[in-house]
Structures are given as structure tokens and as C-alpha cells.
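Below you'll find the structures, each written out as C-alpha cells.
After this come two complexes, each holding subunit A, first together with subunit B and then together with subunit C.
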Partner chain A sequence: MATLSLRGVSKRYPGGAEVLSAIDLEVFAGEFVVLVGPSGCGKSTLLRIVAGLVEASAGEVWIDGARVDDREPGERDVAMVFQNYALYPHMSVRRNLGFPLRNAGVSKAETEARVRRVAESLGLSELLDRKPAQLSGGQMQRVAVGRAIVREPKVFLFDEPLSNLDAQLREDLRSELKALHRRLGITTLYVTHDQAEAMTLGSRIVVLDGGEVLQSGAPLEVYARPSSRFVAGFIGAPAMNLLEGRAEGGVFRLGPLEIRGAPVSGPVILGIRPEEVVLEKDAGLELAIREVEALGNRTLLTCPIEGQSLRLTLPGGASSAVGTTISVAFRARDLHWFDASNGERLGVGRGDQSNF
Partner chain B sequence: MAWKALVLATLAAAPVAGAVAQERVLHVMVEDALLVESWELLHGLTAEFEARHAAAGDPVRVEVLSLGGAAGTQDKVKFCLAGDLPLDLTRIDITELAAFVQEGALLDLQPYFAADEAWDPAAWFALCLAALRDGEGGLYGLPQTFTPYVMYVNESLLAREGVARPPDDWTWQDLEDICRRVTRDLDGDGRNDQFGISLTQWLQAVSPWLWQAGGELLAEDGQSSRLGEPEVIEALTFLHRLLHVEHLASDDGSFANQLKQGLFQAGRTAFYGPVGYWERFRFRDIEEFEWDVLPLPRHRRAATAVAMGCYVVPRTARHPDLAYAYLTEVVGSLRYQTCMGEIGNGLPGLIEAARSDAVRNPGVPPASIDVFFDVLADARFLPTLSNWRKIESLCQAELEGVLLSGDVAPADAAARMARKADAYLAQERARRGRGRLPGFVMQAALALSLLLLVGTLLLRRGPAPGRLGLREERAAGGFLCLWGIGFLHFLFGPAVVSLVLSFCEWSPLRPFGDLAWVGTENYGRLPGDATFVTSLRATTLYALLSVPLSLVLALGLALLLRAESSFASGVRTAVYLPAVLSPVIVAAVWRYLLDDEGLLNGALSGLGLGAPRWLKEPGLVLPAFVLMSLWAVGTQMLVFLAALKAIDPALEEAARLDGAGAWRRLVHVIVPQLTPVILFNLITGVIAAFQVFAQPYVMTQGGPGDSSRFLVLYLYESGFRHLDMGYASAIAWVLFALLGVLSLVLLRTSKRWVHDASRSYTS
Partner chain C sequence: MLLPEQVSAIPRFLLFRWLGLVDTFAPLILPTVLGGAPFFVFLFRQAFLSLPAELTEAARLDGCSPWKTYWRVCLPLVRPMLVTVGVLTFLATWNDFWAPLIYLLSSENRTLTLALAGFHQTYNTAVELMMAATGVVIAPCLLVYFLAQRLFLGGIRTAASKH
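Let's look at the complex of A and B:
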């Protein structure tokens, strides 16, 4: 088990903008860290810098106490699973799995034995003589994982490995990956833009945007106490309601909405998760329903409020019709406050006890 | 409906156009004259000719066509005759006359001469007119110009070396003595740079030596050769000794070097020859030394050769009367004849023109201009034989071994020349007297094959299409019909014709359809034809060397240049550039690069690596062509580049992460992905290599010897030089079969080594 640490890693393309600026990141031995962020946030670049496929403009990459910036990808003892699997199309599954071992000079017999073992553990034994084009998406994914684990690397890198699969398969493989990590305990850095994947897989998630780490922490901590307006909107589905209004004397106002407890005066953003909005008769905030999305296990309502909109989730059976009005209330402990100018979290709120 | 209107309009216009054309059009093929003066004169005389006819109420327009460069001189006329293009009067070389006459391709002009009161045979050199007659009183044309072969001499050099100018009756021994005295190393670098003689080497220039030794090219009856006789060997041995044993002669007088500034012009050889009158024109600007001409040295007897160009009227001429008039009034006129003499094309055949001051030009060298007239007593033409060209090319290939590369013993070369010539003569005798096929055979074959084609298409038609399918079929038919016309006319038709021809004997000088059936004889001749076997071997060797090397080089370049940078794209463009050039231009450029004193040798000798004689050594000429082919790998590189770009970059990244080094990545990841385009480049490369033509045609004409006489060049020569279209067609079909089999073998074995993404889905 090895640690992976990035120290002040930056990437700037010639003539282009800075993709990563001075990233510091520590992945502890055996940890499963998920890098999450929207497209173009630099998460894949960061992963490729670790792999050695892209060279950082500045900063250092350390694996297991050794600086590896100057090493070829093959010399870093990392393995990577690509988004499109990158299986060698002309090689059988057996040769695909054995290729890293043959490159490392492992004997034929030894290679065969290890390929068998890995294939067995991934349920690929029947497929060893097939070519990649004869495999289904899920099978290809397993071969790609098998090729990564066959030589027992110090660090696993995953670059959106599930995004080419359909929803059901994605969920199955998600839990397989999680089980695999539990079994092997290899230090893992995993890149995704899917916050659900991030929440379920990671022992820690790192939210990246604009080439900077916005927040890093255990998934539920990040969920409970987003450090910024961006993280708040990015983690959690459906996304947190972020209402822009004005506060004066501790009272936040947005049209008919009046909330006490605002930490500052002036323009401010009030955040509340849709599932934490409660229905309460005569609570004082009457809203007309503009849209109803019945998902079966729950129902999603959208209501206009002063040109913005508020979304809330109700249990599956709730019957609501477009055009009717509902009366909602917010509990103080569910409120998040963000600075309207820079989006940073303000004052107290649930999760204040968190260390992060 | 627009196209229907167009077709109708075209059909309607055709007869109208025919009716309007009342003036007669005379098609005349003339030799490219080097000077503007001769063109202006010709066009002036032509205009006068037209004006005279117009005044007489017989409007005539003369189309003056040009023969093109020296190499094509003989070929273009044959193309015109074979292709049934209009041609009323043309220049041909006297060595081809017999072939034209024997095939009945020329009109006997004797009746026209006889009816012409102004005709005076005594006005022309008797020697020249005699060559234009057949044995039965026919006279086929008039000379343009002619020249005996003489020796040019640098008098200043002789004086400087204290050697007296030899007398007109000098001998081989005198020549050798003088050569020995003047051949020296002037700049002290250990190599001779002043030679006795710059020796010319084509058959017509070599023949005088054979005759002087008492030898003959052919027996008097023309039925067998005398090339293997001791006199011939003696002459060849003498020349070989001068060139390659004693190194008293320089070989810059080979045919390929003829138009370059040679050593004589540079003042570094005492003699230059045997060569004709035309060099007088080239040497007129020499101011550094005094030069003159001498008769050729004699041995057992005095002898020299005569070259001549003449104007003849094809039997297919549409206006023979006009052609005769143009022959005597324009190209045979005193003014034009004088002009051709003045500009150095040759000596005019018209005596008055040849003796005129304008031609003799007393103020201009050579002082001894009369030598050209004096040697005529001992001068003769090359044998007039219907297939002389073929024998000439057989001999030329052997002569190059003795004179150009110098590594063939004269006796061996003579024996082989004799054997090849005899075999060819015997075979030609056997061919003669074969019955001709009825004229409709070719048309019948074409019609039959067309029926077969249509029948096959109809039989292979799938199940009846539905309503939409029918509509699409009609649309497809509409789009295909234009292409179909082109296909039938330019691909299918010629293929059928050449297949039929390959079982027949046909000369392009005969009317199309005048065929003699020979069965499989043309194919049967191939294995016994030493030239064909050599040609096949040379072509195969060339393909074996050039194809794999080009593939490796193209792949290497593509790998190096696939990066996106302005430098790489600049180099890519540079590497691709040769591919957009015409092969003829490429070949011309390489002829200069590979010249003995060309750029490549300049660089090599600068590095102290010597100066190989790329195009003159039989062992080097093939590597030289391979080198050239490597220069043109741009297209293959482009295909590789496109394929490289299509490879998912993640594959290479995965391989890097999997610890594969650059070599293992190339071998195990990149190359397997490229195998489909490797197969493509391999097959197209093999086909292109077997079809190489323009380069040897321009650069070596197949030499030295037969070492660069690649298949298609030999095919072309067989058809249009040796007038053996059936044999040429047989070669074409053998080549086709060979390429077909090769492609099939490559495709079959490819299943084992080509990664085909589409196939692995289904298997």
C-alpha cells in the first residue's frame, strides 16, 4: 500500500489558460479518493499528470515516498483504466491481460498463471480467447480492470471508467469496484463527473473546479456542509436550491419569503436542499406549482419565486397538480448561507461541528 | 430533358459540320527544329503554299504537327498510324523505312514524281535517293537532311601537345598513338583528365569501326547476322581497349550524354566521334580552341555510316496529292533545305542547298567542311531490314556491356549479339507468310465479349427489386451510364483488343484488323526470350527491394512526422511533394542527380566515398532506381499518417502505462493496428513497382545492357519500337496475370497477419 501526494501541481498549456493551479493533494495508503467536478475542471489532466501521460508545468508527484515526475508512465508502478477501456483490439483477452506482465519481463508460465487468477476473480475465465470486439461493454470494462490489477500496482487510476455504460450496468459495476477495492486495498484515485458515483465510491471526495480544489472531505461531510455555493449546487441530486435575496438586520427577504438568522446584511444566497423543504399548512409562504415530476418513489415540484425557482421533493404518492398552491416552511438547521459576491460559505449552519 | 436536347443537337450538327468543311486539311508531322528561324521559315513557306492553293480555288489548310523530343521521334508517327489519326506527310528516320514499306504503310510516290515535270532526281544526292527506293522502282519520299559520321578534332590541343594533325587517310594505329601521347593527368590528382578521344557508343556510331575492320552487321541476303565474326570482335576489342584497358578514351560520348557539354567541348579530348554534321552547330560557340573535322581513321578499309531523316507519305494519307505538293514545294524546297543545313540539322539532301555558301559558310569552322562530302564515297546506311529496330536494340544492350560498363568481354558480347540477332531473324522468317484473318474478327470479338458482359450482368441480377428498389435502380442506371461508356471505351474495349492481339501478329503500321493468327506463339516465345527473362528478373528484383524499403521508410517517416508542429508539417509537405510531380520530371531531375558528375556524386566524393557510375554500371542501376523510388514515398507516408491519426491515442497511453517501451509499443500496439493499410500499401506498391516505366524510359532507355529494361518498358518497346503489338499484348497479359496472382496470394495470407476490426466482430 502506497501513498500518493501531489505538491503544488500546476498545468499551463502554451498560449492557453491555466488548467490546474498549484494543487496539493494527499491520498493516503489504501484510500479511495474521487476527483469530481464538471467537464473542463482539470480533473482528468490531474489524473494524467499522476500517470505520467501529461507533464506538469510545476509541482511534484510522489508515490510511496519517491518522487516520480521524471519517470516514464511504465516506471511509476501505477495502473490506469480508461474511459473507453483502451483494450488492444488485435489481442485476445488473454494477451490483453498478460501484456503488462510480458513488458515487465515476467515469464510466460508465470504470466499465464496470474492471468488465470485475475480472470477468475473477475469472472472472465470463459472469455480469455475472445477479442475485445466480441465482448459486451461490461465485459470490456472488467478486462480493463483486470489489466490494471494483474500486475498489482501501487496506485490505481480510473478515468471516468463507467461513463460509457448504461445506467443499470453502471450501478452493478460501481458496487463491484467498491468490493474490489475493499478486497485489494490498493490506493486509488478515481475521476468522475457523476456526483452519485463520487458519493458512493469514495472514502473521500475532492471537488475540483477551474483548476482548483474547492473542497475535500468525506462524501457526507461535503454533502452536509458544502464549502461554497458551487459545491452546494454540484453535490446532491436534485441540486440544492440557491435563492438570491437581500438580508437586513438578520432577516433574509425574497418577495414573500422572510427568514431570520441571516449572518450578514446585504445581498446573500440562501441554500436549502429540496428534500429538506417541508410542507406546512399556514406557514406563511404560499407558492404556486409550476411543474410536477413524478419519479415513482418521490415527486419533484418546482415553484416560481420572484423570478427564481424553488424545488422540493415529496414522497412518491403525493398528489399535486400544476397551478395549485402549496404552503412550505424551512427549518433553521437546514439552511446554508453563501456570500453573494464570491460564493463562499457564511456563518453557522448544520455541520458546523465538522472539521472540514 | 436537357441532355436529350444536347444529344440531338450534337447528332444534328455532325453532318452539317462535314458539309461546311470544303477546305482540305493537310496534316504534316515535322521534326522539332531547334531554332526559331526554321519554324518561321516553315510557317512562311506553308502560308505561301496555302495562298497558292487558295488562289487556284482549292482552299487548303496545313496542320503542322511536331514529332516531339528525340526519344519519341519514331513513336509518335506509329501512334498516329495505329490510332488511325489523320497524317498526310511525316518525317521518319531512314532506319525505319523498310519496316514501314514492308507493312505497306507508305505510299509509293514514284507515279507522282514521274508525272511531275519539275522533278529532277539529279538535284539530290544519289546516295540518299537510293536509300529511299525499294528494289522494284518505287520511291517513297525525299531526304530532309543527312550526315555521314566523321571525326571532330581539337587542333589546338594537338598543337599544344606537339602532335601533327593526322592526314585524311590516317589509321587506327595513328589514332591509338596520338591518344597515347595526349592522354595525361593535367592537374596532378592521379587521375587522367585529358583524353585522346571522346568515343560515341550507339550502334550507328560503332558500326563504322566494324566495317573498317572488314566486318559486317548482316549477311548480304539479310537472313543471318555476321556479328560474331572475328572482324567484329577485333573492332570491339580495339574500342574496349581504348576505353577500359588503356583508358585513352572517355565514355562521355554515350547516347545519354550526347546533349550535354562533353569533354571535347570542354577542350579536354583531342578527338570526338564518330559523329555527324549536327555537332557543328553545337560547337559553333567554342572560342577556346580551334577545331576541325577529319574522315574516320581506317583499318582494313575506309568506311563510315550515314544517318538520314526523310519525309514520306503514309498510305492512309487523305490527300496524297497535296502531300506530294507540300513535300516538293515546302520541305523539299531549296530555301527550307538550305535553312535546315544552316541551323545544323544535317546536310541538305538537295545538292544545291548542301553546296551553297549559306551551308558551307566558309568563315565558320570546320575549315575542312568538304570532308563531309568526301567521305560519302565510303559511306553506307545501316542495313535496311523490316525489323532492324529490334536487332539494333538487341545489339545496343550488348554493346553497352562492352563500351559503357566495360565488364563484358568483346568476344562474348559479339557471340551473344550474333546469337540473338540470328534467333530473331529466324523467328521473323517463320512469321512471314502467315495467313491473315478476315477483317471482321476483331469487331466480332468485341461484340461477343460485350454480349458476354451484358449476359453475365443480367444473369447475376438478384431477386426482383421492390417499387423503391426499382426507382433506385433506374437512378443508378442514369448515373452509371456515362461512366459505363467510358468503361467500355477505355478499359473493357482495349482489354479485349489486347487479349485478341496477344494471340495474333499485328504491326501498328498495318490497318487495324489486318491480323495474322499465331495462336499461343506469342506466349510461347516469352520463356525463350532472353530480354524478357532479364526484364522479368530485373523488375522482380526492383519490386523486392523497393517495395519493402519504401514501406519501412514511409512508416518511419510517418511515425516521425505525425506530431503536430509547423516543422513536422513542413517536412511532411516536402516529403509528399515528389508525389505531385510528373514521373517524367522526377526522372529528369534524378538523371542529373545521378549523373557521373551529378549532385549525388559531388556529395559522395566530397565525403571521400568515390563517385559510383549509377546509371552506367549494370550492378548499380537497379539500386539507383530503388533509391529513386524511396524518394517518392510521400503517398505511402500519407496513408500511414492517416491511419496513425485514426488509432485511438488511449491505446498507446495504455501501453505506456503497461510498461511497454517504444519498440514494444511499435511492434505490439501500433503496427498491428496499421496492418490493413500495410496490406494496402503493399499491394499498391507491388503493382506500381511492376509497372515502373517513366523513370527507365527517361533515364536509361533500359540500359546499361538490359539491366533496367523493366517489363513495361520492354512491353512498350516491343509494341511501338519493334512493331510487334501481339507480343507486347502477351507481355501485358502475363504481367496482369502475375500481378493478379501476387495480389491474391497477399490477400489470402493477409488473414493471418492483418488485424481487421470488421472481421473480428463476426468470427
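Let's look at the complex of A and C:
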């Protein structure tokens, strides 16, 4: 097992903006790290720099204690799974799987044996003589994963491998990938913009935006203590409510909403997750329901508050109608505070027990 | 491509005469083999551009040199274009009247198109003989057409797959 480390990696396209600025990232041996961020945040570029498909403008890439910046992609001992599979359409599954081995000079017999073993472990044995065009999306992605693991690389790179699949298949393959990582224990860097993949797959997630690492940590830790307004809004679905208001003497005010425990005075952002807003009779904050989205297992309500909106989730069976009023309360331990100017997290986010 | 072939005919003839290749097949073969029509360059360029970039990236990661990527991955995928260019080149060469007329002087070297033209002058009114002669001349074209059709459709099937 190998460690992957990026030191001060930057990428600037000639005449263009900086896509990545001085990224430091350490993926420990056997670790599964998920890079997550909105489109255009540079996560795919970072992956391509590791693979050697894109050259960094500055910085170093180290794999297993060796600097690999000037090595060809084929010599870095990394394997990559692409979003659109990138299977060779003119080759059978067998030849697709064996291609990297044959290029590496592995003998025919050995290639055949290893292809057979990988095909068996991924349930592809029946499909070895088919061409990619004769496979379903899920099967193609399995072949792509097979082509990556057949070489037993030091580092696995995944570039949004599941985003072309439909929801059910995505869930199945997600758990398969997780099981595969547990079994092989290969150091993995995985790029996605999908919440569920980010939360469930990785032992650590790294949130990128604007070419910078905003936060890195265990999925639940990032969920519980987002380091900035951006991370708070990005991690978690439906997204965290971020209400902009003013605090005076420790009391946050936004129209009818008044909460004690604001860590600073002046403009401040209050964050609370929709699932942590609680319904409470006579709690003090009465809101009209503007929108009801019944998802079956839960119901999503949207209520206007001073030109902004507060979303909350209720259990699936809850009966709510547009136009009626509900009474909500926030628990102090669920509150997050962010600086209104730079979006940084403020303090520990502890409010008073009774907020209204 | 902008210039009509006739414009370059005289300098080209002088060149081949200087090389001592007049009345051989070389002036008919060499230009096609060495250059081909510039139009085909455009066809191939478009065909290669239509290949997804991830395929060549995957090949690089799988340890292919640029040459190997070209030979093992890209070239097989533009097979429909190879067949198309092959068929078009064959037809153009087979039906060429102008170049053989200029370069081939002795009667034993003449191509079928020249022979057919001569035949036409002699047996203009003998319709059945003209039909027979024309049939002989187009037979190889028909053969190539049917052979290539299979390859051509096979190529389209590969190309149409979701990459």
C-alpha cells in the first residue's frame, strides 16, 4: 500500500484563471479519500494531475515515497476509472481487461489468469467475449473498474464513475465499490459531486471550491462542524438553512426570529439543518408554509422569513398544507454561526437553551 | 483542392518525364500512395477528432506510447473512414481517364478506361459489344462495393457504440 501526497500543487492555464492554488493533500496508505465540490472547482483537474494527464504549474506529486511529476502516466502505477468508462469499443471485455497487462509485458498465460480472476470477482465471467456496445451501463462500469484493478496499482483514481448511471444502479455499485476497497485496501482518491457518495464511500472527504481546500475531515465531522458557510451549504441534502441577520448584544434578529447566543455583533449568518428544525407549539416563531414537497419517507416544507426562506423536514406522513401556519423552534446545539463577510465559522455555535 | 487538376498537369508531366517515368504506371500510382487527395486528410482529421479524449487518456494510463495509442486504439476505431477512403480512392483510380491518357503512351500499358474509350470509337453502333465491354470494366467496382459494404456497416456498428 502506498501513500499519495500532493505538495503545493497549482494549476494555471496560460492566460486563464488559477484552477488550483497550492493544494496540499495527503492520502495515507489504504485510505479512501473523496474529493467533493461543485463543477469547476478543480477536483477533476487535481485528479488528472495525479494521473499525469495534466501537468501542474507548480508543486510536487509523490506516490509511495517517490516523486512522480516527470513520469509518464503509464509509469506512475496509478489506475483511473473515467466517468464515461473509456472502454476500448473495438476490443472484447477480455482484451479490455488484459490491455494494461499486455502493455506492461505480462505473459499471455499470466494475463489470461489474472483477467479471469478479476472477471470472476466482479461477476463478468459470462461477458468476457462481448464488446462494450453489448453491455449495459452498469456492466461497462464494472469492466472499467476491472481494467483498473487488474494491474494491482498503487493508487486508484475515480473520476465521477457513477454519475452516468441511474439511481438504483448507482446505489448498488456504490456499495460494491466500498466492499472492493475493503477487500483490496488500495489507496484511493475519488472525485464526485454526489452527496451520498461523498458521505458514504470515503473515510475522509475533502471539500474543494475555487481551487482551494475548504475543509478536510471524516464525513460526519464535516457534516456536524462545517468550517464555512460554503461547506455548510454544500454538504447535506437538503442543504442547511443559512439565514442572514444582525446580532446585537448576543441576540440574533431576523424579523420575528430572535435567538440568543450570537458570538459576535453586526451582520451574521445563522445556519440550521432542515432536519434539525423542530415543531413546537407556542414556541414563539410562527411561519406560514409556502411550499410542501412530499417525498414519501419525509416531507419538505419551505417557509418564507423576511425575504429569505427556511426549509424543514418532517416525517413522511406529516400533514401540512400550503398557506397554513406552523410553530417552530431551534435547539441551541444545532445552531451554526458564520461570519457574514467571509463565511468563516464563528465560535463553537452554542446558544442558549431556550432561544426565544 | 482549390486548383483544378488540369492546372498542375503540365508541370507534373515535366517532372515525371525528368524522372524518366513516362509510359510506366509510376505517375499513376505515386501521387495517390504518397499524398492522396487532400480531402481525405480532412476526413481523417474529423474521424480522429470524434474519438473521445478519455480513450487516449485511458491508453496512456494503460502504458501505451503515443505510437501504440495511435496503432492499437485510434486507428482501429476510425476503420469506417479507412474503408470509405479506400473505396473512394479505388473508384477514383479505376475510373481515372485523364492521368492514364497523359502518361501511358504504348498500347500494352493502357488502362481499361482508355481501352473502353478506344472501343467506343470503334464499335460505337454495336450496342451489345459496348454493353459487354462496359460490363467487364465495372465488374471490379461492383465487387469492391459489395465487399466493402460489409466492412463499412461493421465499422458503423462499432462507431455507434456508446464510448
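Note that in this section the second predicted complex is superposed on the first by the 349 of 356 C-alpha atoms of A that agree within 3 Å, B and C clash if a C-alpha of one lies under 4 Å from a C-alpha of the other, contacts with A are read in each partner's own complex, and residues count from 1 in each chain.
In this text, contacts are C-beta pairs under 8 Å (C-beta built on N, C-alpha and C of every residue); 3 or more make two chains touch, one makes a residue touch a chain.
Computed from a prediction, not measured in an experiment: that's the story for all the values here.
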*For the three-chain model obtained by superposing on subunit A, do subunit B and subunit C clash or fit?*
clash
_Contact-wise, after the overlay, does A:Ala51 reach subunit B, subunit C, both or neither (first, second, both, neither)?_
both
*Go through the superposed model and pick first if A:Ala133 touches only subunit B, second if only subunit C, both, or neither.*
both
_Quick one: is A:Asn84 in contact with subunit B, with subunit C, with both, or with neither? Answer first, second, both or neither._
both
*Which holds for A:Glu344: it touches subunit B only (first), subunit C only (second), both, or neither?*
neither
*Thinking of the overlay built on chain A, is A:Glu286 touched by subunit B (first), by subunit C (second), by both, or by neither?*
neither
*Once the two structures are superposed, pull the subunit A residues common to the subunit B and subunit C interfaces.*
51-53, 72-75, 78-80, 82-84, 86-90, 99-100, 103-104, 131, 133, 147
*asked:* Show me the residue ranges of subunit C that touch subunit A in the complex, using the header's touch definition.
replied: 52, 54-55, 57-64, 68, 73, 76-77, 79, 157-163
*asked:* List the residues on subunit B that touch subunit A in their complex, please.
replied: 648, 650-651, 653-661, 664, 668-669, 672-673, 675, 755, 757, 760-761, 763
*asked:* Looking at the complex, which residues from subunit A come into contact with subunit B?
replied: 51-53, 72-75, 78-80, 82-84, 86-91, 99-100, 103-104, 131, 133-134, 147, 151
*Mind listing the subunit A positions that touch subunit C in their complex?*
51-53, 72-75, 78-80, 82-90, 99-100, 103-104, 131-133, 140, 147
